[in-house]
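If you scroll down you'll find the structure; I have some questions about it.
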Amino acid sequence: MVRRVLTLASGRVAVAILAAVALLAIFGPLLAPQDPLSTSDNTLAGISGQHWLGTDYLGRDVFSRLLDGSRVSVAGSLEVALMALVVGAVPGILSVYLGRVFEWLTLRLADTLVALPLLLFAVAVTALLGNGITQAMFVTGVLVSPLFYRVARAATLSVARSQYVESALISGASLGWIVRRHVWVKVLPPIAVVLAQTIGVGFVIVSSLSFLGIGVQPPAPTWGGLLATDLGYLSYQPWAPFVPALLIMVTVWASNLLADAIRDVSGEAGRAMVNRRKALGGLA
Amino acid sequence: MILSVTDLDVHYGPRRRRRQVLAGASLAVDRGEVVGIIGETGSGKSTFARAVLGLVRPSAGRIVIDGEDAAGYGNRQWRTLRRRGVIQYVFQDPLRSLDPDLSIADSLTEPLTLRGVPRAEAVDRARAYLSRVRLDEDLLPRLPGELSGGQRQRVAVARALVTEPKLVILDEPVSALDAANRVQILEILKELRATGTALVFISHDLGSVAGIADRVAVLYQGEFVEAGPTRDVVTKPTHPYTRLLISSAPTLRRKVS
Amino acid sequence: MTALTESPVAAGVTSPVLAVRDVRIRGLGDEIVHGVSFELTPGKVVGIVGESGSGKTLTCRAILGILPPQLEVSAGAVHIGGRDVSALSPAEWTALRGSTISAVFQDPASYLNPSIPVGAQIAEVVRVKKGVRRRAARHRALELLAAVRLREPELVYGQYAHELSGGMLQRVLIATAMAADPRVLVADEATTALDVTVQAEILDLLADLRASTGLAMVLVSHDLAVVARLCDEVLVMRDGEIVEQGPTDRVLYEPEHSYTRLLISEHEQYGLEKFLEDS
């Protein structure tokens, strides 16, 4: 599937951006030219050779803080996405096969979770469980999981009633065989789409929470936190909020673009499109 | 007797609005026999096939397949029975009967590999049956989307044959196909009968099974209202619905209205 | 009713209501349909037999003026009611459709709005095409439902598409097609998706309409027997060309082309022919 996504221009752009953000998260803190936490007297300085993006109100190097803060933001969004995937997708697939009671229970649970307001709940949980971004992210993951549940369930339902699955049943296939052989491949693409999208959502949530000062202990830098402090000193550095905001926007945009690209190459229509392009000489 | 169905009742729907789809249906199929089940939409013919295959549970009656009464079986017992490879099914719609993500080879070998047959041996058998349905083996690595409807239907027939079943049920196997493909499939089925495999054809059109069926059973509103050797049923029908079927069958003799 | 035995070549005294003259259809650079010709006079039925891909549906669409955008009639002419249709504007086409030439297709349910009772949909056609008021349109719709032999027109009028069987739906569509009293009806695989008993009833109905109103028809099917039942003249199409054409009796009993012979022998081998002939 990765190869197919890369045949689309949108796919290549999205993967490139997200790969860059991932590299930033992994290597960023190591590449920071200055200590992101060290304060200095050179407050609210402009762009210079020493401080590529200037300094903030405590004299700390903004560029270094951005690089360092990338790890928290990316890790947070991944935590949300993976939590939602595991908590949502697996029950979604199983709800088709484990009987009416399980189906009813999981459906009602998903409905309930959908009704809860995301950010409010995350804030409430951090108040209860302590101010850690990981706790907030896991709770957010659970709250976002109904989406994965419904998508996985819908994909499984459409496969479960198909003739080739019935044919496998008639030949004596077990439930495990059918899920491994037929269901999994059909469920993966829609899940991948939702996953890509959720990474973007997770990113916004992490940024929002850190913007509000929740989940992070200052003075640890985060993109959202940077944005928050920048807004406080707008009259001194009007251009300052642009960089963290831009980073957040581009990352979220790239993840949605990736979700679109995965959706475009999935399923029969997607396969047909990819084949057509190959036949026409791989025009982007 | 490869199949013996006695007094089969099947109901559909939740408790309050239960509908009876089959009522006291009885049918026997001998080894190597070709039986046609004729019924219109809503007669219960698909339900009959599904009950015999274990896809739908009957409310009453007996279904004896190769000596085993499967009517009261649960999922596990049905799985064991199915793995004996005695009974198989060909669907009506050739376009949806193959997994679009699996190659033809994978679809064909599935009935064998799921019961532990080594892949190499399964592929050999798949190749053999592919040629039996007059398809070339270079279709093996292809995906169903690359094949025509007629080719897909033939693959579906080959898939039903790889386990060398004693009974194959076919639901309108040729109605979605054009003339050339229809003739080909019917030829293949005739050859199949010659090897001793019993066939049960389900159709709404008496004409489409009359040419190949030894016996015909007419299903009307959930009951078998007439059954017998094809020639007798066609030339000396007793039930009014059978008479209607015969007079409706499109023939090339000019109708004078 | 015995078939009209005029040879299709002779134009007859009445001018044709539909004339198709060497129509060729081209698309994406290739010619897809290579020269179809036939004529319809009032009460005459022409059958087109062929498999999917033979060009029979494209020919129908060309006659009705609804070819897909990439395709066009590259040569030949279609005359409906004496008028050359290539010269018609979209407004003129709209006026022509329903009132002079009409059509029914396969899968009747997909041609009806699922959220409006079927009777209202027929009445709408009557109102638009005949310009009558609501009450008169409803009355006419009920008449049409009775004319297509639906047993309880009042009841069917108020029902939705999902409440009706395939055969009843096709009758409703035939009623809709007949609403503006067309002179030609194109039936493209109209009975293919129906049970054989229902198919027989619909074909009887079409024969009835022809007898009572002088309706001329183009009947398209992949089944030679369906065509043979009702048609005076048969065209056998394959890969975009007509491989055989002539009066039905001649084509059935003295086929010239191997493909026609294949269609006939298939019926004889796998149909009721051999049983019925002996009895």
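The first chain written gets the first letter, and so on, giving A, B and C; residue counts start at 1 in each chain.
By definition in this document, a contact is a pair of C-beta atoms (placed from the backbone, for glycine too) under 8 Å apart; a residue touches a chain by one contact, two chains touch by 3 or more.
Treat the numbers as computed from the prediction; the structure is a model and nothing was measured.
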item: Most central chain, judged by mean C-alpha position against the global CA mean; value: B
item: Chain whose Cα centroid lies at the greatest distance from that of chain A; value: C
item: Two chains sharing the most C-beta contacts; value: B-C
item: Distance between chain centroids, defined by C-alpha means - chain A, chain C (Å); value: 56
item: Chain B-chain C separation of Cα centroids, rounded to whole Å; value: 33
item: Geometric centre distance via CA averages, chain B-chain A, whole Å; value: 49
item: Per-residue overlap in chain C, given as positions that touch at least 2 other chains; value: none
item: Contacting residues of chain A [partner chain B, same complex]; value: 162-164, 166-174, 177, 181-182, 185-186, 268, 271-272
item: Of all residues in chain B, those that touch chain A in their complex; value: 53-55, 79-80, 82-83, 85, 87-89, 91, 93, 96-102, 107, 110-111, 114-115, 143, 145, 156, 159, 163
item: Footprint of chain C on chain B - complex, ascending; value: 40-41, 178-180, 182-183, 186, 204-208, 210-212, 230-231, 234-235, 244-257
item: In the complex with chain B, residue positions of chain C that touch it; value: 1-3, 51-52, 165-166, 195-201, 204, 207, 222-226, 228-229, 248-249, 252, 262-264, 266-276, 278-279
